[in-house]
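Naming follows writing order (A, B and C), and every chain is counted from residue 1.
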């Protein structure tokens, strides 16, 4: 079987997902037996304008000018994979969608410089058809690998869980952060990552978005009563990665 | 319990499937593919009409499916796969000569012995025809052992009518009183239009002595049962064939639980009077 | 069988003796809690633990377990049991293991669990500290212990070791014991009786009453009220010694040609558990969180009660502690139902 021509593209993001992939080590090297990178800014200087088998897109769609570039990628790619929170949900960038003067707050006196001008931060799927999405900040490289495997095998659908992170924490017997007197968004956060953060003593921030049927009211109660957070912080905590998907945003 | 027990040394576990060769594969509607399979090791495949198997393809998974052929010719057996999920898509990519895996048969099929000598009405909606086809074929192969045999089949559109060859045969046959309907006709359709319950007034001889088998989308059951009540068919004479996403087929994984029943152990065929009060059943 | 005495000073040599012959899985400290883990050093053993995050079931069926390996040539089972010792199991967890043994062997023999179960030596131990949610003194309390090989009870100066099976007797070769005196045996009995008596929480009804009342409460508005704060997070399921449901998935290796079919613990409190894919999309047979919440209690207290002759519950209290919303405590739920 010929190697799949793969290209990595980035839009409004930190390129951390690309770094995450290059840090993967052995599995990624093994994967190179099946794919040939033809454009990948973090690791090579070559560019491509020809047809590609799989386009990996990182970052949110936040400027009208990006639409043309995205459409151009879509036109020459057989499969488009949006990966990372920015590309799949708008990510942290989407927080600005709900602020009046985000530019002034972030850039201060420089806020009117033309290259800082942007519109709403949206997922890639707001501009073009996306075949697969890999959530997370950064994206989960094991999941990306699973999806690439499915693409290699020509399958359209990949199972990803919709239940909360607690399931995965318990499966690996992580001591609950609430047992340690800390807070966590695990009970409403979508799993699939394998729950690495709580295992390392870091609170879950729901970077893959909310689980199916999230119980937000109960979460606020638990964050205040058990997590000892102030009411307003508790109410706002889960917005970081879900700003585009909330009725209350 | 002893560790000297030899069972654990030789028993490969309940998840070990058998390889089965696809001896025939054919798309029967735009989304459904009909497979005829034969075990690679040449063994007979023993099962009862109405039982299920787990059909699978490595790297993709397994799904539970009703057997849709009569066990009379058990060298080969049939299933129909509807291409709607990850596993079913992978199965539908297979063609004659390819291999899939099967486990089973599992569960309780139709109560063949109890049904013998009785008047039978089978009501199938859409893909629900697939599992009951095993019983239809069985009755036709043993026609003398059953009383009056009536069959209702309803589909959404004429394109969703499965087993076209069978339908032709049933339409022409005097062994079965066959009635069919579609919800949405096309220009060529000349038959009955409407939901499946519109067939009841056309059929004769349905009453307290009739035994009924129903398989179809969950929404269908309520309306069909209401019609059967009107015709005074006792609920103990009604059998329903239920569907869940069983992962194991052997009463362990829990995915097919309906209150205190396991579809894979206690079903998939249930006497309606046994489950009518189970909220989670239909 | 016999009752032996192990002096405090002889405990570590016994554990080391076991470790020289077998992998020894036992309670060890992890941050603010305890977990069953393979001992690296004998003195990591914490027989004074209150409870572990996960029950010992994981020793026979880990949260992810390979079932079948496949490649281009074919496929094979992956059941490779090796003798091991599971040490420090509290009496109620021994009952939990006996229940899951039944679940995995009744009607269809699940060798992916049972093979590992059958090669495991189980050493029970008395409860030295109660978990704050424990209520094992008031549920299945009269059920005799079975399926273990040795049972050690902490008394003054050491441990009374009850030899329960021939397998257990084999293990005595790993340490030095003397015959327990009648006084020591009596002290051990009193210690274990006190542990049952002193549970911090208590159910107010017997097995049969629980079965009937819980079943009768099916239509009660209680389930809606009590599940209002439920996250559908499945924590109560995953930490439960008598939950045994699982999901099965396939995975490719990086080579793209071989892979594995595996199972992992699943949770009926999550919304995707009861989903069925149909032509019109996904349908859910327990779509509301109150329905899933009720299902858990129906199953433990009524459905499996029929099968086991007692609730499928050990009174370990793990679910109560694992529930961040604090709504999963069976003592609160069942006592409330019993009041009705």
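Heads up, the rule we're going with is that contacts are C-beta pairs under 8 Å (C-beta built on N, C-alpha and C of every residue); 3 or more make two chains touch, one makes a residue touch a chain.
Computed from a predicted structure; not experimentally measured.
If you draw each protein chain as a dot and join the dots that touch, every dot ends up joined to every other dot. Across the two candidate interfaces, A-C and A-B, the one carrying more C-beta contacts is A-C. Taking the mean of each chain's C-alpha atoms as its centre, the chain lying closest to the overall protein C-alpha centroid is C.
Centre-to-centre separation of subunit B and subunit C, using mean CA positions: 38 Å.
Distance between subunit A and subunit C, defined via averaged C-alpha coordinates, is recorded as 37 Å. Per-chain Cα centroids separate subunit A from subunit B by 42 Å.
Residue positions of subunit A with contacts to 2 or more other chains are 153, 159. Touching two or more other chains at once are residues 59-60, 85 of subunit B.
Across the assembly, subunit C contributes residues 249, 251-252 that each touch 2 or more other chains. Of all residues in subunit A, only 153-159 touch subunit B in the complex they form. Partner subunit A is touched in their complex by these residues of subunit B: 59-60, 85-86, 89-90, 93.
Looking at the complex, you find that subunit C touches subunit A at residues 30-33, 35, 53-54, 58, 63-64, 228-235, 238-239, 249, 251-252, 254-256, 264-265, 267, 270-272, 289, 321-322, 324-325.
Those residues of subunit A that touch subunit C in the complex are listed here as 27, 30-31, 33-34, 145-146, 149-150, 152-153, 159, 161-164, 166-167, 170-176, 178-180, 186-188, 211-215, 217-219, 221-222, 226.
Looking at the complex, you find that subunit C touches subunit B at residues 67-68, 70, 74-77, 79, 81, 83, 101, 103-104, 107-112, 114-115, 117-119, 147, 167, 218, 244-252, 259, 261, 263, 266, 268, 273-280, 283, 285-286, 291, 295, 298-299, 302-303, 306.
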